[in-house]
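When the chains are written out, they are named A, B and C in that same order, and each has its own residue count from 1.
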Amino acid sequence: MSTNSSTMPMTPPNELFNLDNPVFCCYLFWATVLVVKMLLMSLLTAVQRFRFKIFPNQEDLFFKNTEVQFNDPHVERVRRAHRNDMENILPYFIMALIYISTNPDATVSCNLFRVASLARIVHTLVYAVYPVPQPSRIIAFGCMLLITFYMAAVVALRTLSFV
Amino acid sequence: MSTNSSTMPMTPPNELFNLDNPVFCCYLFWATVLVVKMLLMSLLTAVQRFRFKIFPNQEDLFFKNTEVQFNDPHVERVRRAHRNDMENILPYFIMALIYISTNPDATVSCNLFRVASLARIVHTLVYAVYPVPQPSRIIAFGCMLLITFYMAAVVALRTLSFV
Amino acid sequence: MSTNSSTMPMTPPNELFNLDNPVFCCYLFWATVLVVKMLLMSLLTAVQRFRFKIFPNQEDLFFKNTEVQFNDPHVERVRRAHRNDMENILPYFIMALIYISTNPDATVSCNLFRVASLARIVHTLVYAVYPVPQPSRIIAFGCMLLITFYMAAVVALRTLSFV
(Lines give C-alpha, C1' and ligand atoms only; values in the text may rest on other atoms or scores of the structure.)
Protein backbone atom coordinates (compact mmCIF):
# COMPACT_ATOMS: atom_id res chain seq x y z
CA MET A 1 0.00 0.00 0.00
CA SER A 2 2.88 2.41 0.64
CA THR A 3 5.63 1.18 -1.64
CA ASN A 4 5.82 4.39 -3.63
CA SER A 5 9.30 5.73 -3.21
CA SER A 6 11.10 2.85 -1.52
CA THR A 7 10.86 0.01 -4.08
CA MET A 8 11.17 2.03 -7.30
CA PRO A 9 13.56 4.92 -6.68
CA MET A 10 13.87 5.63 -10.42
CA THR A 11 10.26 6.72 -10.88
CA PRO A 12 8.97 8.86 -8.04
CA PRO A 13 5.17 9.24 -7.98
CA ASN A 14 5.15 12.59 -9.77
CA GLU A 15 6.77 11.20 -12.90
CA LEU A 16 4.66 8.08 -13.48
CA PHE A 17 3.02 9.24 -16.71
CA ASN A 18 6.08 9.48 -18.92
CA LEU A 19 8.22 7.23 -21.09
CA ASP A 20 10.79 6.69 -18.33
CA ASN A 21 8.25 4.55 -16.47
CA PRO A 22 8.29 1.00 -17.96
CA VAL A 23 4.78 0.34 -16.58
CA PHE A 24 3.41 3.32 -18.48
CA CYS A 25 5.26 2.25 -21.64
CA CYS A 26 3.77 -1.24 -21.39
CA TYR A 27 0.31 0.33 -20.96
CA LEU A 28 0.94 2.52 -24.02
CA PHE A 29 1.84 -0.43 -26.20
CA TRP A 30 -1.09 -2.65 -25.24
CA ALA A 31 -3.63 0.17 -25.16
CA THR A 32 -2.53 0.98 -28.70
CA VAL A 33 -3.02 -2.65 -29.74
CA LEU A 34 -6.54 -2.61 -28.31
CA VAL A 35 -7.41 0.72 -29.96
CA VAL A 36 -6.34 -0.68 -33.34
CA LYS A 37 -8.26 -3.90 -32.67
CA MET A 38 -11.42 -1.92 -31.87
CA LEU A 39 -11.16 0.24 -34.96
CA LEU A 40 -10.69 -2.87 -37.10
CA MET A 41 -14.14 -3.98 -35.87
CA SER A 42 -15.62 -1.02 -37.77
CA LEU A 43 -13.87 -2.20 -40.91
CA LEU A 44 -14.97 -5.81 -40.29
CA THR A 45 -18.57 -4.58 -40.02
CA ALA A 46 -18.13 -2.74 -43.32
CA VAL A 47 -16.73 -5.90 -44.93
CA GLN A 48 -19.78 -7.89 -43.80
CA ARG A 49 -22.14 -5.14 -45.02
CA PHE A 50 -20.60 -5.18 -48.51
CA ARG A 51 -20.35 -8.97 -48.60
CA PHE A 52 -24.02 -9.53 -47.79
CA LYS A 53 -25.23 -6.17 -49.20
CA ILE A 54 -26.89 -5.11 -45.94
CA PHE A 55 -27.01 -1.33 -45.58
CA PRO A 56 -28.97 0.60 -42.95
CA ASN A 57 -29.14 3.99 -44.74
CA GLN A 58 -30.73 5.03 -48.03
CA GLU A 59 -27.56 6.86 -49.09
CA ASP A 60 -25.43 3.70 -48.58
CA LEU A 61 -27.15 1.64 -51.31
CA PHE A 62 -24.14 1.25 -53.59
CA PHE A 63 -25.64 -1.67 -55.51
CA LYS A 64 -28.67 -1.77 -57.79
CA ASN A 65 -31.79 -3.55 -56.59
CA THR A 66 -30.91 -3.39 -52.91
CA GLU A 67 -33.03 -1.92 -50.15
CA VAL A 68 -32.34 -0.70 -46.65
CA GLN A 69 -32.01 -3.79 -44.45
CA PHE A 70 -31.43 -4.56 -40.78
CA ASN A 71 -30.98 -7.57 -38.53
CA ASP A 72 -28.77 -9.63 -40.81
CA PRO A 73 -27.18 -12.28 -38.54
CA HIS A 74 -23.69 -11.96 -40.08
CA VAL A 75 -23.60 -8.19 -39.60
CA GLU A 76 -25.27 -8.23 -36.19
CA ARG A 77 -22.77 -10.77 -34.81
CA VAL A 78 -19.86 -8.42 -35.57
CA ARG A 79 -21.82 -5.47 -34.16
CA ARG A 80 -22.51 -7.35 -30.92
CA ALA A 81 -18.81 -8.18 -30.60
CA HIS A 82 -17.98 -4.50 -31.26
CA ARG A 83 -20.47 -3.33 -28.66
CA ASN A 84 -19.04 -5.80 -26.16
CA ASP A 85 -15.62 -4.27 -26.86
CA MET A 86 -16.94 -0.80 -26.06
CA GLU A 87 -18.59 -2.06 -22.88
CA ASN A 88 -15.39 -3.64 -21.60
CA ILE A 89 -12.29 -2.17 -23.23
CA LEU A 90 -13.20 1.53 -22.92
CA PRO A 91 -13.71 1.40 -19.11
CA TYR A 92 -10.53 -0.71 -18.92
CA PHE A 93 -8.55 2.05 -20.69
CA ILE A 94 -9.45 4.54 -17.93
CA MET A 95 -9.12 1.99 -15.12
CA ALA A 96 -5.66 0.82 -16.20
CA LEU A 97 -4.48 4.40 -16.77
CA ILE A 98 -5.44 5.56 -13.28
CA TYR A 99 -4.16 2.28 -11.80
CA ILE A 100 -0.68 3.36 -12.97
CA SER A 101 -0.93 6.41 -10.68
CA THR A 102 -0.79 4.04 -7.67
CA ASN A 103 2.74 3.10 -8.82
CA PRO A 104 2.04 -0.66 -8.97
CA ASP A 105 4.68 -3.37 -9.12
CA ALA A 106 6.10 -3.42 -12.66
CA THR A 107 5.97 -7.20 -13.19
CA VAL A 108 2.42 -7.58 -11.93
CA SER A 109 0.96 -4.62 -13.79
CA CYS A 110 2.70 -5.31 -17.11
CA ASN A 111 1.50 -8.89 -17.07
CA LEU A 112 -2.04 -7.75 -16.27
CA PHE A 113 -1.94 -5.45 -19.31
CA ARG A 114 -0.66 -8.29 -21.49
CA VAL A 115 -3.19 -10.91 -20.35
CA ALA A 116 -6.14 -8.52 -20.55
CA SER A 117 -5.23 -7.40 -24.07
CA LEU A 118 -4.56 -10.88 -25.41
CA ALA A 119 -7.81 -12.13 -23.85
CA ARG A 120 -9.80 -9.48 -25.76
CA ILE A 121 -8.08 -10.44 -29.02
CA VAL A 122 -9.12 -14.06 -28.38
CA HIS A 123 -12.64 -12.80 -27.54
CA THR A 124 -12.92 -11.14 -30.95
CA LEU A 125 -11.59 -14.21 -32.75
CA VAL A 126 -14.03 -16.65 -31.12
CA TYR A 127 -17.00 -14.22 -31.32
CA ALA A 128 -16.79 -12.27 -34.56
CA VAL A 129 -14.26 -14.02 -36.79
CA TYR A 130 -14.85 -17.73 -36.25
CA PRO A 131 -17.63 -18.67 -33.77
CA VAL A 132 -16.43 -21.33 -31.35
CA PRO A 133 -18.53 -23.27 -28.77
CA GLN A 134 -18.74 -21.83 -25.26
CA PRO A 135 -17.19 -21.39 -22.73
CA SER A 136 -14.30 -20.03 -24.83
CA ARG A 137 -15.92 -16.60 -25.17
CA ILE A 138 -16.99 -16.43 -21.52
CA ILE A 139 -13.41 -17.18 -20.40
CA ALA A 140 -11.93 -14.53 -22.72
CA PHE A 141 -14.56 -12.05 -21.53
CA GLY A 142 -13.92 -12.91 -17.86
CA CYS A 143 -10.16 -12.32 -18.06
CA MET A 144 -10.33 -8.59 -18.72
CA LEU A 145 -13.35 -8.24 -16.42
CA LEU A 146 -11.52 -9.75 -13.45
CA ILE A 147 -8.35 -7.78 -14.18
CA THR A 148 -10.34 -4.52 -14.31
CA PHE A 149 -12.05 -5.43 -11.01
CA TYR A 150 -8.64 -6.12 -9.44
CA MET A 151 -7.30 -2.73 -10.57
CA ALA A 152 -10.49 -1.09 -9.29
CA ALA A 153 -9.95 -2.70 -5.87
CA VAL A 154 -6.35 -1.46 -5.71
CA VAL A 155 -7.27 2.11 -6.67
CA ALA A 156 -10.37 2.24 -4.44
CA LEU A 157 -8.44 1.03 -1.38
CA ARG A 158 -5.70 3.61 -1.97
CA THR A 159 -8.15 6.50 -2.35
CA LEU A 160 -10.84 5.42 0.11
CA SER A 161 -10.27 8.43 2.36
CA PHE A 162 -11.32 10.79 -0.46
CA VAL A 163 -14.82 9.31 -0.79
CA MET B 1 -8.30 32.00 -14.92
CA SER B 2 -4.74 32.24 -13.59
CA THR B 3 -5.00 30.86 -10.07
CA ASN B 4 -2.57 28.02 -10.70
CA SER B 5 0.31 28.58 -8.36
CA SER B 6 -0.99 31.31 -6.07
CA THR B 7 -4.00 29.64 -4.42
CA MET B 8 -2.68 26.09 -4.12
CA PRO B 9 1.07 26.25 -3.48
CA MET B 10 1.18 22.55 -2.47
CA THR B 11 0.30 21.24 -5.92
CA PRO B 12 1.98 23.18 -8.70
CA PRO B 13 0.52 22.52 -12.18
CA ASN B 14 3.12 19.97 -13.16
CA GLU B 15 2.19 17.59 -10.36
CA LEU B 16 -1.58 17.50 -10.68
CA PHE B 17 -1.85 13.89 -11.82
CA ASN B 18 -0.48 12.15 -8.75
CA LEU B 19 -1.70 10.92 -5.39
CA ASP B 20 -0.50 14.09 -3.61
CA ASN B 21 -3.33 16.01 -5.28
CA PRO B 22 -6.59 15.46 -3.33
CA VAL B 23 -8.67 16.42 -6.40
CA PHE B 24 -7.00 13.67 -8.43
CA CYS B 25 -7.49 11.16 -5.60
CA CYS B 26 -11.19 12.03 -5.41
CA TYR B 27 -11.45 11.55 -9.17
CA LEU B 28 -9.69 8.19 -8.86
CA PHE B 29 -12.13 6.94 -6.24
CA TRP B 30 -15.33 7.97 -8.02
CA ALA B 31 -14.11 6.99 -11.48
CA THR B 32 -13.38 3.55 -10.02
CA VAL B 33 -16.89 3.36 -8.58
CA LEU B 34 -18.37 4.21 -11.99
CA VAL B 35 -16.15 1.69 -13.81
CA VAL B 36 -17.32 -1.06 -11.46
CA LYS B 37 -20.94 0.08 -11.84
CA MET B 38 -20.65 -0.08 -15.64
CA LEU B 39 -19.08 -3.54 -15.61
CA LEU B 40 -21.85 -4.78 -13.32
CA MET B 41 -24.31 -3.82 -16.10
CA SER B 42 -22.74 -6.58 -18.23
CA LEU B 43 -23.37 -9.06 -15.43
CA LEU B 44 -26.93 -7.75 -14.94
CA THR B 45 -27.56 -8.31 -18.65
CA ALA B 46 -26.23 -11.86 -18.28
CA VAL B 47 -28.52 -12.44 -15.26
CA GLN B 48 -31.56 -11.32 -17.29
CA ARG B 49 -30.51 -13.48 -20.24
CA PHE B 50 -30.29 -16.60 -18.06
CA ARG B 51 -33.47 -15.76 -16.13
CA PHE B 52 -35.60 -15.37 -19.24
CA LYS B 53 -33.49 -17.71 -21.43
CA ILE B 54 -32.92 -15.07 -24.12
CA PHE B 55 -29.67 -15.66 -26.00
CA PRO B 56 -28.55 -13.88 -29.17
CA ASN B 57 -25.99 -16.43 -30.40
CA GLN B 58 -26.31 -20.08 -31.43
CA GLU B 59 -23.36 -21.06 -29.23
CA ASP B 60 -25.00 -19.51 -26.13
CA LEU B 61 -27.98 -21.88 -26.02
CA PHE B 62 -27.18 -23.54 -22.71
CA PHE B 63 -30.71 -24.89 -22.23
CA LYS B 64 -32.59 -27.49 -24.24
CA ASN B 65 -35.47 -26.38 -26.45
CA THR B 66 -34.37 -22.76 -26.66
CA GLU B 67 -33.75 -20.78 -29.81
CA VAL B 68 -31.85 -17.61 -30.62
CA GLN B 69 -34.05 -14.71 -29.49
CA PHE B 70 -33.90 -10.92 -29.55
CA ASN B 71 -35.96 -7.97 -28.37
CA ASP B 72 -37.00 -9.35 -25.00
CA PRO B 73 -38.18 -6.30 -22.99
CA HIS B 74 -36.42 -7.34 -19.75
CA VAL B 75 -33.07 -7.78 -21.47
CA GLU B 76 -33.42 -4.74 -23.72
CA ARG B 77 -34.20 -2.44 -20.79
CA VAL B 78 -30.88 -3.32 -19.14
CA ARG B 79 -29.09 -2.95 -22.48
CA ARG B 80 -30.57 0.51 -23.02
CA ALA B 81 -29.43 1.55 -19.54
CA HIS B 82 -25.97 0.16 -20.30
CA ARG B 83 -25.79 2.01 -23.60
CA ASN B 84 -26.86 5.21 -21.87
CA ASP B 85 -23.98 4.67 -19.43
CA MET B 86 -21.52 4.41 -22.31
CA GLU B 87 -22.94 7.52 -23.96
CA ASN B 88 -22.57 9.61 -20.80
CA ILE B 89 -20.03 8.13 -18.38
CA LEU B 90 -17.26 7.41 -20.88
CA PRO B 91 -17.06 11.02 -22.19
CA TYR B 92 -17.32 12.18 -18.55
CA PHE B 93 -14.23 10.10 -17.65
CA ILE B 94 -12.12 12.01 -20.19
CA MET B 95 -13.73 15.39 -19.47
CA ALA B 96 -13.23 15.14 -15.70
CA LEU B 97 -9.67 13.90 -16.14
CA ILE B 98 -8.62 16.81 -18.32
CA TYR B 99 -10.62 19.23 -16.13
CA ILE B 100 -8.16 18.35 -13.33
CA SER B 101 -5.34 19.78 -15.44
CA THR B 102 -6.88 23.26 -15.00
CA ASN B 103 -6.15 22.92 -11.27
CA PRO B 104 -9.75 23.57 -10.17
CA ASP B 105 -10.81 24.46 -6.65
CA ALA B 106 -10.69 21.28 -4.53
CA THR B 107 -14.08 21.66 -2.83
CA VAL B 108 -15.96 22.45 -6.04
CA SER B 109 -14.37 19.74 -8.17
CA CYS B 110 -14.60 16.97 -5.54
CA ASN B 111 -18.28 17.70 -5.01
CA LEU B 112 -18.89 17.67 -8.77
CA PHE B 113 -17.28 14.21 -8.94
CA ARG B 114 -19.44 12.99 -6.05
CA VAL B 115 -22.75 14.35 -7.35
CA ALA B 116 -22.14 13.14 -10.91
CA SER B 117 -21.25 9.63 -9.75
CA LEU B 118 -24.13 9.27 -7.31
CA ALA B 119 -26.55 10.61 -9.95
CA ARG B 120 -25.51 7.85 -12.36
CA ILE B 121 -25.97 5.18 -9.66
CA VAL B 122 -29.50 6.54 -9.12
CA HIS B 123 -29.99 6.51 -12.92
CA THR B 124 -29.19 2.81 -13.05
CA LEU B 125 -31.46 2.01 -10.11
CA VAL B 126 -34.51 3.81 -11.54
CA TYR B 127 -33.89 2.58 -15.10
CA ALA B 128 -32.56 -0.95 -15.03
CA VAL B 129 -33.18 -2.31 -11.53
CA TYR B 130 -36.59 -0.97 -10.51
CA PRO B 131 -38.39 1.23 -13.09
CA VAL B 132 -39.75 4.39 -11.48
CA PRO B 133 -42.07 7.03 -13.04
CA GLN B 134 -40.42 10.01 -14.72
CA PRO B 135 -38.93 12.56 -14.21
CA SER B 136 -36.65 10.63 -11.81
CA ARG B 137 -34.53 9.24 -14.66
CA ILE B 138 -34.38 12.55 -16.53
CA ILE B 139 -33.12 14.33 -13.39
CA ALA B 140 -30.46 11.68 -12.71
CA PHE B 141 -29.41 11.83 -16.37
CA GLY B 142 -29.31 15.65 -16.34
CA CYS B 143 -27.03 15.88 -13.30
CA MET B 144 -23.98 14.31 -14.94
CA LEU B 145 -24.81 15.99 -18.27
CA LEU B 146 -24.80 19.48 -16.75
CA ILE B 147 -21.67 18.77 -14.71
CA THR B 148 -19.86 17.56 -17.83
CA PHE B 149 -20.98 20.70 -19.71
CA TYR B 150 -19.70 22.86 -16.84
CA MET B 151 -16.30 21.15 -16.91
CA ALA B 152 -16.24 21.53 -20.70
CA ALA B 153 -16.87 25.27 -20.36
CA VAL B 154 -14.04 25.65 -17.84
CA VAL B 155 -11.55 23.73 -19.99
CA ALA B 156 -12.61 25.38 -23.26
CA LEU B 157 -12.28 28.90 -21.79
CA ARG B 158 -8.81 28.11 -20.44
CA THR B 159 -7.56 26.67 -23.74
CA LEU B 160 -9.45 28.92 -26.18
CA SER B 161 -6.26 30.44 -27.55
CA PHE B 162 -5.13 27.01 -28.83
CA VAL B 163 -8.15 26.53 -31.10
CA MET C 1 12.43 8.62 -32.30
CA SER C 2 14.62 10.37 -29.69
CA THR C 3 13.78 14.05 -30.11
CA ASN C 4 12.51 14.43 -26.56
CA SER C 5 14.68 17.01 -24.91
CA SER C 6 16.61 18.46 -27.84
CA THR C 7 13.86 20.00 -29.99
CA MET C 8 11.52 21.25 -27.27
CA PRO C 9 13.62 22.38 -24.29
CA MET C 10 10.65 24.18 -22.71
CA THR C 11 8.67 21.01 -22.08
CA PRO C 12 10.82 18.14 -20.86
CA PRO C 13 9.08 14.73 -21.06
CA ASN C 14 7.99 14.69 -17.42
CA GLU C 15 5.87 17.80 -17.79
CA LEU C 16 3.91 17.01 -20.92
CA PHE C 17 0.50 16.74 -19.29
CA ASN C 18 0.09 20.31 -18.08
CA LEU C 19 -1.07 23.66 -19.40
CA ASP C 20 2.50 24.79 -20.22
CA ASN C 21 2.55 22.29 -23.09
CA PRO C 22 0.76 23.81 -26.14
CA VAL C 23 0.16 20.34 -27.61
CA PHE C 24 -1.70 19.28 -24.46
CA CYS C 25 -3.70 22.55 -24.46
CA CYS C 26 -4.71 21.98 -28.07
CA TYR C 27 -5.78 18.42 -27.17
CA LEU C 28 -7.79 19.80 -24.24
CA PHE C 29 -9.67 22.26 -26.42
CA TRP C 30 -10.59 19.84 -29.20
CA ALA C 31 -11.35 16.92 -26.88
CA THR C 32 -13.74 19.26 -25.08
CA VAL C 33 -15.41 20.18 -28.38
CA LEU C 34 -15.88 16.49 -29.20
CA VAL C 35 -17.23 15.66 -25.72
CA VAL C 36 -19.83 18.42 -26.09
CA LYS C 37 -20.66 17.25 -29.62
CA MET C 38 -21.20 13.68 -28.37
CA LEU C 39 -23.42 14.78 -25.49
CA LEU C 40 -25.51 16.86 -27.89
CA MET C 41 -26.27 13.61 -29.75
CA SER C 42 -28.20 12.46 -26.66
CA LEU C 43 -30.24 15.64 -26.77
CA LEU C 44 -30.76 15.30 -30.54
CA THR C 45 -32.08 11.77 -29.94
CA ALA C 46 -34.45 13.18 -27.31
CA VAL C 47 -35.62 15.87 -29.75
CA GLN C 48 -36.40 13.22 -32.37
CA ARG C 49 -38.22 11.06 -29.79
CA PHE C 50 -40.48 13.94 -28.76
CA ARG C 51 -41.01 15.13 -32.34
CA PHE C 52 -42.16 11.73 -33.58
CA LYS C 53 -43.47 10.50 -30.19
CA ILE C 54 -41.31 7.36 -30.21
CA PHE C 55 -40.51 6.19 -26.68
CA PRO C 56 -38.88 2.87 -25.76
CA ASN C 57 -40.02 2.69 -22.11
CA GLN C 58 -43.47 2.52 -20.52
CA GLU C 59 -42.57 5.31 -18.07
CA ASP C 60 -41.57 7.66 -20.92
CA LEU C 61 -45.06 7.91 -22.48
CA PHE C 62 -45.63 11.61 -21.87
CA PHE C 63 -48.44 11.87 -24.42
CA LYS C 64 -51.88 10.30 -24.37
CA ASN C 65 -52.64 7.50 -26.81
CA THR C 66 -49.01 6.58 -27.43
CA GLU C 67 -47.45 3.17 -27.01
CA VAL C 68 -43.90 1.90 -26.59
CA GLN C 69 -42.32 1.97 -30.05
CA PHE C 70 -38.99 1.03 -31.59
CA ASN C 71 -37.26 1.15 -34.96
CA ASP C 72 -38.46 4.56 -36.07
CA PRO C 73 -36.12 5.56 -38.93
CA HIS C 74 -35.69 9.18 -37.74
CA VAL C 75 -34.70 8.13 -34.23
CA GLU C 76 -32.58 5.18 -35.34
CA ARG C 77 -30.55 7.33 -37.75
CA VAL C 78 -29.45 9.60 -34.90
CA ARG C 79 -28.75 6.59 -32.70
CA ARG C 80 -26.56 5.01 -35.39
CA ALA C 81 -24.62 8.27 -35.72
CA HIS C 82 -24.24 8.38 -31.94
CA ARG C 83 -23.03 4.79 -31.79
CA ASN C 84 -20.54 5.52 -34.56
CA ASP C 85 -19.26 8.40 -32.42
CA MET C 86 -18.72 6.07 -29.50
CA GLU C 87 -16.95 3.53 -31.70
CA ASN C 88 -14.51 6.11 -33.07
CA ILE C 89 -14.21 9.16 -30.82
CA LEU C 90 -13.84 7.34 -27.49
CA PRO C 91 -10.83 5.24 -28.61
CA TYR C 92 -9.43 8.42 -30.23
CA PHE C 93 -9.60 10.24 -26.86
CA ILE C 94 -7.29 7.64 -25.28
CA MET C 95 -5.07 7.29 -28.34
CA ALA C 96 -4.50 11.05 -28.71
CA LEU C 97 -3.91 11.45 -24.98
CA ILE C 98 -1.19 8.79 -24.85
CA TYR C 99 0.24 10.03 -28.17
CA ILE C 100 1.08 13.29 -26.34
CA SER C 101 3.37 11.32 -24.03
CA THR C 102 5.69 10.68 -27.00
CA ASN C 103 6.29 14.47 -27.13
CA PRO C 104 5.25 14.83 -30.80
CA ASP C 105 6.02 17.84 -32.96
CA ALA C 106 3.64 20.65 -31.96
CA THR C 107 2.57 21.68 -35.48
CA VAL C 108 1.89 18.14 -36.66
CA SER C 109 0.00 16.99 -33.58
CA CYS C 110 -2.11 20.15 -33.18
CA ASN C 111 -3.20 19.94 -36.80
CA LEU C 112 -4.04 16.26 -36.40
CA PHE C 113 -6.29 17.15 -33.43
CA ARG C 114 -7.97 19.90 -35.45
CA VAL C 115 -8.59 17.85 -38.60
CA ALA C 116 -9.84 14.81 -36.67
CA SER C 117 -12.27 16.89 -34.62
CA LEU C 118 -13.62 18.91 -37.53
CA ALA C 119 -14.03 15.71 -39.58
CA ARG C 120 -16.25 14.22 -36.87
CA ILE C 121 -18.37 17.36 -36.74
CA VAL C 122 -18.85 17.05 -40.51
CA HIS C 123 -19.65 13.35 -40.01
CA THR C 124 -22.48 14.23 -37.63
CA LEU C 125 -23.85 16.91 -39.95
CA VAL C 126 -23.98 14.66 -43.03
CA TYR C 127 -25.25 11.61 -41.09
CA ALA C 128 -27.65 12.76 -38.39
CA VAL C 129 -28.61 16.35 -39.17
CA TYR C 130 -28.97 16.50 -42.95
CA PRO C 131 -28.31 13.23 -44.85
CA VAL C 132 -26.02 13.83 -47.82
CA PRO C 133 -25.10 11.35 -50.60
CA GLN C 134 -21.99 9.25 -50.12
CA PRO C 135 -18.97 9.35 -50.09
CA SER C 136 -19.18 12.46 -47.86
CA ARG C 137 -19.77 10.37 -44.71
CA ILE C 138 -17.11 7.79 -45.59
CA ILE C 139 -14.50 10.56 -46.07
CA ALA C 140 -15.40 12.23 -42.76
CA PHE C 141 -15.29 8.83 -41.05
CA GLY C 142 -11.95 7.96 -42.66
CA CYS C 143 -10.19 11.15 -41.51
CA MET C 144 -10.31 10.40 -37.80
CA LEU C 145 -9.75 6.68 -38.45
CA LEU C 146 -6.50 7.30 -40.36
CA ILE C 147 -5.31 9.89 -37.84
CA THR C 148 -5.91 7.44 -34.98
CA PHE C 149 -4.03 4.72 -36.89
CA TYR C 150 -1.12 7.14 -37.44
CA MET C 151 -0.96 7.97 -33.72
CA ALA C 152 -1.16 4.26 -32.92
CA ALA C 153 1.81 3.60 -35.22
CA VAL C 154 3.89 6.34 -33.55
CA VAL C 155 3.11 5.11 -30.02
CA ALA C 156 3.57 1.41 -30.89
CA LEU C 157 6.96 2.01 -32.51
CA ARG C 158 8.16 4.02 -29.51
CA THR C 159 7.06 1.36 -26.99
CA LEU C 160 7.71 -1.77 -29.01
CA SER C 161 10.39 -3.00 -26.60
CA PHE C 162 7.79 -3.23 -23.80
CA VAL C 163 5.61 -5.74 -25.65
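The criterion applied here is as follows: contacts are C-beta pairs under 8 Å (C-beta built on N, C-alpha and C of every residue); 3 or more make two chains touch, one makes a residue touch a chain.
The shown structure was predicted, so the numbers you read here are calculated from the model rather than taken from an experiment.
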Chain contact graph, described as a line, ring, star, complete graph or other shape: complete
Angle of rotation relating chain A to chain B [CA atoms, steps of 5 degrees]: 120
Interface numbering overlap (same over half, different under half) for chain B and chain C: different
Distance between chain centroids, defined by C-alpha means - chain B, chain C (Å): 17
Per-residue multi-chain contacts in chain A, two or more chains: 14, 17, 86, 90, 94
Residue numbers on chain A that touch chain C, as the complex places them: 14-15, 17-20, 22, 24-29, 31-33, 35-36, 38-39, 41-42, 56-60, 62, 70, 82, 86, 90, 93-94, 97, 110
Touching residues on chain B, where the partner in the complex is chain C: 4, 13-14, 16-17, 71, 76-77, 80, 86-88, 90-91, 94-95, 98, 101-102, 131-134, 137, 145, 148-149, 152, 155-156, 158-163
